[in-house]
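Letters A, B, C and D mark the chains in the order given here, with residues in each chain numbered from 1 onward.
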Amino acid sequence: MVKIGIAGGAGYTAGELTRLLLCHPEAEIRYIASESHAGEHVSSVHADLLWCDLHFSEIDFNDIDILFLCMGHGVSQAYLEGHSIPEEVKIIDLGNDFRLAKDAGDFVYGLPEVSREEIKKAKHIANPGCFATSIELGLLPLVAAGLAPEQVTVVGITGSTGAGQKPTTDTHFSNRTANLSNYKIFTHQHLAEIGETLAKSGGAVVPDIAFVPVRGCHSRGIFSDIVVRTEASLDEIKELYKKYYANHPFVCVSDKAIYMKQVVNTNFCYIHLAKEGDKLLITSTIDNLLKGASGQAVQNMNLMCGLDECCGLMLKANYF
Amino acid sequence: MVKIGIAGGAGYTAGELTRLLLCHPEAEIRYIASESHAGEHVSSVHADLLWCDLHFSEIDFNDIDILFLCMGHGVSQAYLEGHSIPEEVKIIDLGNDFRLAKDAGDFVYGLPEVSREEIKKAKHIANPGCFATSIELGLLPLVAAGLAPEQVTVVGITGSTGAGQKPTTDTHFSNRTANLSNYKIFTHQHLAEIGETLAKSGGAVVPDIAFVPVRGCHSRGIFSDIVVRTEASLDEIKELYKKYYANHPFVCVSDKAIYMKQVVNTNFCYIHLAKEGDKLLITSTIDNLLKGASGQAVQNMNLMCGLDECCGLMLKANYF
Amino acid sequence: MVKIGIAGGAGYTAGELTRLLLCHPEAEIRYIASESHAGEHVSSVHADLLWCDLHFSEIDFNDIDILFLCMGHGVSQAYLEGHSIPEEVKIIDLGNDFRLAKDAGDFVYGLPEVSREEIKKAKHIANPGCFATSIELGLLPLVAAGLAPEQVTVVGITGSTGAGQKPTTDTHFSNRTANLSNYKIFTHQHLAEIGETLAKSGGAVVPDIAFVPVRGCHSRGIFSDIVVRTEASLDEIKELYKKYYANHPFVCVSDKAIYMKQVVNTNFCYIHLAKEGDKLLITSTIDNLLKGASGQAVQNMNLMCGLDECCGLMLKANYF
Amino acid sequence: MVKIGIAGGAGYTAGELTRLLLCHPEAEIRYIASESHAGEHVSSVHADLLWCDLHFSEIDFNDIDILFLCMGHGVSQAYLEGHSIPEEVKIIDLGNDFRLAKDAGDFVYGLPEVSREEIKKAKHIANPGCFATSIELGLLPLVAAGLAPEQVTVVGITGSTGAGQKPTTDTHFSNRTANLSNYKIFTHQHLAEIGETLAKSGGAVVPDIAFVPVRGCHSRGIFSDIVVRTEASLDEIKELYKKYYANHPFVCVSDKAIYMKQVVNTNFCYIHLAKEGDKLLITSTIDNLLKGASGQAVQNMNLMCGLDECCGLMLKANYF
């Protein structure tokens, strides 16, 4: 059994991680820490978990194999500096502190579809961002094959859980329901990690991405429409994608048009390709809290600990 | 033209009032006051109103006929004490400060279906609460006819706008969407005004109401299911309701089962009656921000100013 | 491994059953039958299941241990008459053909919280209805203890999946979203099985239930508010409920108010009790497709096959 | 008073038209025809209209000034051939039969922001499509100024009402809620009328549009994100748009980012412009049933009949 500690236990990603690990046959949550809720039952925050027997507590770093950092972006580094953690404890950071090459140190960017072998040997993982995961998986085969043009347009629609737990005007139900709006137009912080990951793919051209993030009126799920102009044929491109993901259990290339809810509450990424003249649409959809956060973190844990990559991750979709 | 001032202009009910009055053929908004937004265009808060030419400002009480108070509950009284308002300015308070007999002074409880003639002559109106309006209109004919039993059960489902503008955990989209929960079980603050209004109806029995308010996963609208045991026949009761509301333009008794969206974005209350054995269901549905707040306030204004009761209130329903 | 056949494989409950059994460590789906989709991959209907390797086919009854019937109500009986199924094949019917005593034959009503020992020995199970499960679990401890009054009021709000897969006016998104309405007022077909189940509890009084089913604007989940008048104290009643469900892993009695999404995409029933004067509110919430259908069917299968009752049913809630 | 006849009275657009015209101070609905509902009260279909006194009937063409055709696409032409309509009756067709130059005859394409003067003199109007209206208004100033590049990408998200009234799998609430999907990828039928309208603008370049329509999980509203690469400055472009729409009361260019619900249940189009490097985002949002259909039809009627363009169209937004 892999022994787990979770820091930052009161947030959304920690909640999802806890739900996943409570059902994981090879993992055991030893500690889930939250300063603001120390001593309380986890259901005081993650109210569905009334049925389990887990309380927020401090972490004994000597008694765990893996530490998950589920803190707000920019806090992980300070946490690692402030705590002395035994060398043999593996760390998976769900924040963005160590994703970019300039910050990474020995942290490996944890996208298994690009770096599975590296991840298996890594001690420290920087878990990718949610939009980044969706867009990278959508573009990687095309870029790696040298078929990407210089310019790409992406409109990505995300659920309210992407904005975190804190109530704000933009996550107020009265505003959000039946509504749509853009944010961080062309300037989303994930663009940097997307650029680095695509560059690693080996393709000659790393496209300049015009990325418009949209606030959708749903809670979970990212749906990215990636528009590209290319002369390559649809058959050629489909073949490319199917080959690229043939050995990756969590990415499915669908011949039929896809719906976001096919992946909601799962660790899958579903991809669809369509073409008309020189216009290519790549649609890539994930659950932002799973393949876009906590599910991918468990996938990385599985790889780091020598478990089956899918262990504990074959989740019942919430299809309706 | 009736000259209007609005105090507490940044809240939901003030927003709705402004939308209504901007389209009202006999009214003119002279001032809309907000301490927190003084000087700004109204669209800084009520963003849809970009098209109009209205700024938050102070109110010159000498230049208005009607003052609407749209402040938080419990603030209106302090406001009136802190400002010297000319005697001839009529006041409509949308808060709950003056609704109960013990607090009312010369404020008339503004439910036109009970007190139309009084309202026409009133200088000060206490505008009813949203749940109160829905439940009172549902029970009044039955109670007035002496057919109400001692005990009544009401489950009323309300939209998120009923909880106001402030972002909270319970109005967070991620929590509220696709969810249901109860609150203020059997203790909702509107029970007192409901009791007083039903008592005024002249019926012998004022029932004890077991009222369960439910947070629905919609933004606008209240849907109250009122369950009663009675030996009276359905035909007799229907007749009673149709007669009671025959001269009230905003209450419709429907022979067919009703849907909440029939009244959303309108000032109507729709009522449906169904019976099986001794079990009677009275369903009463309104838009909480209109017939349950700002629409009823304008209805009261129309009556107080000698206008047609429906003036400016025949709104296009947002049926889909 | 328990070998499974599913008849009526294209419906909602069959879809959920398939999702559950694909992740169940002790079960193996051998056949999933659908006349209308014979030969197709299951994702042609259950589109999220693109990742698995399962096709609609005929069932070889000699090669299965358990047969699940997921047909429309009223079809199961005809199916059993039309097919010759070996005696040793156990059958779980998710329809309503065998739920009532007059129709049951050797079918046992499969509510484990009432009949666990009987179910363990049963060959044929009539799986309870969704509203029935929610209301029975809410009332059983009270009725069994002889504390139920003669009259009870229930308002139960259900998701659109309760209405099945066929597109209708009432499940059209444009109508259903942000809307509420009643249906089958006081006449819902589950009242009969509720009455029989409560009668089996041993309590002296089986209450007459005024039940109002409400169409909610969500997809999954039932939220039943049960209102009762009683002189018993809240403490006494809470104690009663906690004792009654102490050995039943899927029913949790919560001291805090509950939210429907605590149980969505799980097999749990969460119950909350609140009291004010003589007014008692029992709130009972389940996922209509899981504890209200396919989850409970798997729970019954587990019991019939000597497996752990929870096997394959500790699902990650879709809490947000 | 303009005397109105409506053909195809049972559909969504006829419903909206009826709601608008019932509140229009200068119009009077004389006839609303529906073959399938002849003789019934309009609330048998448009259930919110219980309060009015209007029945489906045949149309006496000699007694109307304007005929609105609200039939399915492709039916209007047959209707006109099958009925002999007096020459002096003006016709507004909400279908797509007469929008393209090759089909138009004497029908004028009714986008007032392009052809107001022509519309004033027209006898026959082809009312634009919903997506077409949104995209045309978003691109017109740029194209007219000769600043549009050869290639444009549009992702437009639409509500379920855009798919009409007929219940289908894709409008089933269980599928549509909390979901997203693409349809008619790069092949939407409105592309042709968009091309013709932009060509009329006088700009040198009519861009090739890669248009991805997305099914959103809301009922009303279109939100179009239009991505363009250009060297022109944001200030220059904003100036351009504000000047272009200065005399058009229903188009507002917002300096702040926009939300779809700012225009829902109104006849407005709100436009926002943002730029970063050479990437320009034009966001254009409308209510698909109003500015995208029935509202624009009334706007055209106003112009054709010499009324104020805004008459009866200053609607209370359903902002929450």
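Heads up, the rule we're going with is that a residue touches a chain if its C-beta (ideal position, glycine included) is under 8 Å from a C-beta of that chain, and two chains touch if they have at least 3 such contacts.
Please read all numbers here as calculations on a predicted model, not as lab measurements.
Of the two chain pairs shown, A-B and B-D, the one joined by more C-beta contacts is B-D. Farthest chain from chain D (centres taken as the mean of C-alpha atoms): C.
A separation of 39 Å divides the Cα centre of chain B from that of chain C. Averaging C-alpha coordinates per chain places the centre of chain B 34 Å away from that of chain D. Centre-to-centre separation of chain A and chain B, using mean CA positions: 46 Å. Shown for chain D are the residues in touch with two or more other chains, namely 12, 159, 161, 174, 177-178, 217-220, 258-259, 261, 264, 320.
Of all residues in chain D, only 151, 153, 155, 157, 159, 174-175, 177-183, 185-187, 210, 212, 214, 216-221, 223, 225, 227, 229, 257-261, 264, 272, 274-277, 279, 281, 283, 285, 320 touch chain A in the complex they form.
Chain D contributes residues 12, 159-161, 165, 167-169, 171-174, 176-178, 217-219 to its touches with chain C in the complex. Residue ranges on chain C touching chain A, taken from their complex, read 12, 15-16, 19-20, 22-23, 25, 46-51, 161, 177-178, 219-220, 249, 252, 254, 256, 258-259, 261-266, 268, 270, 289, 314-320.
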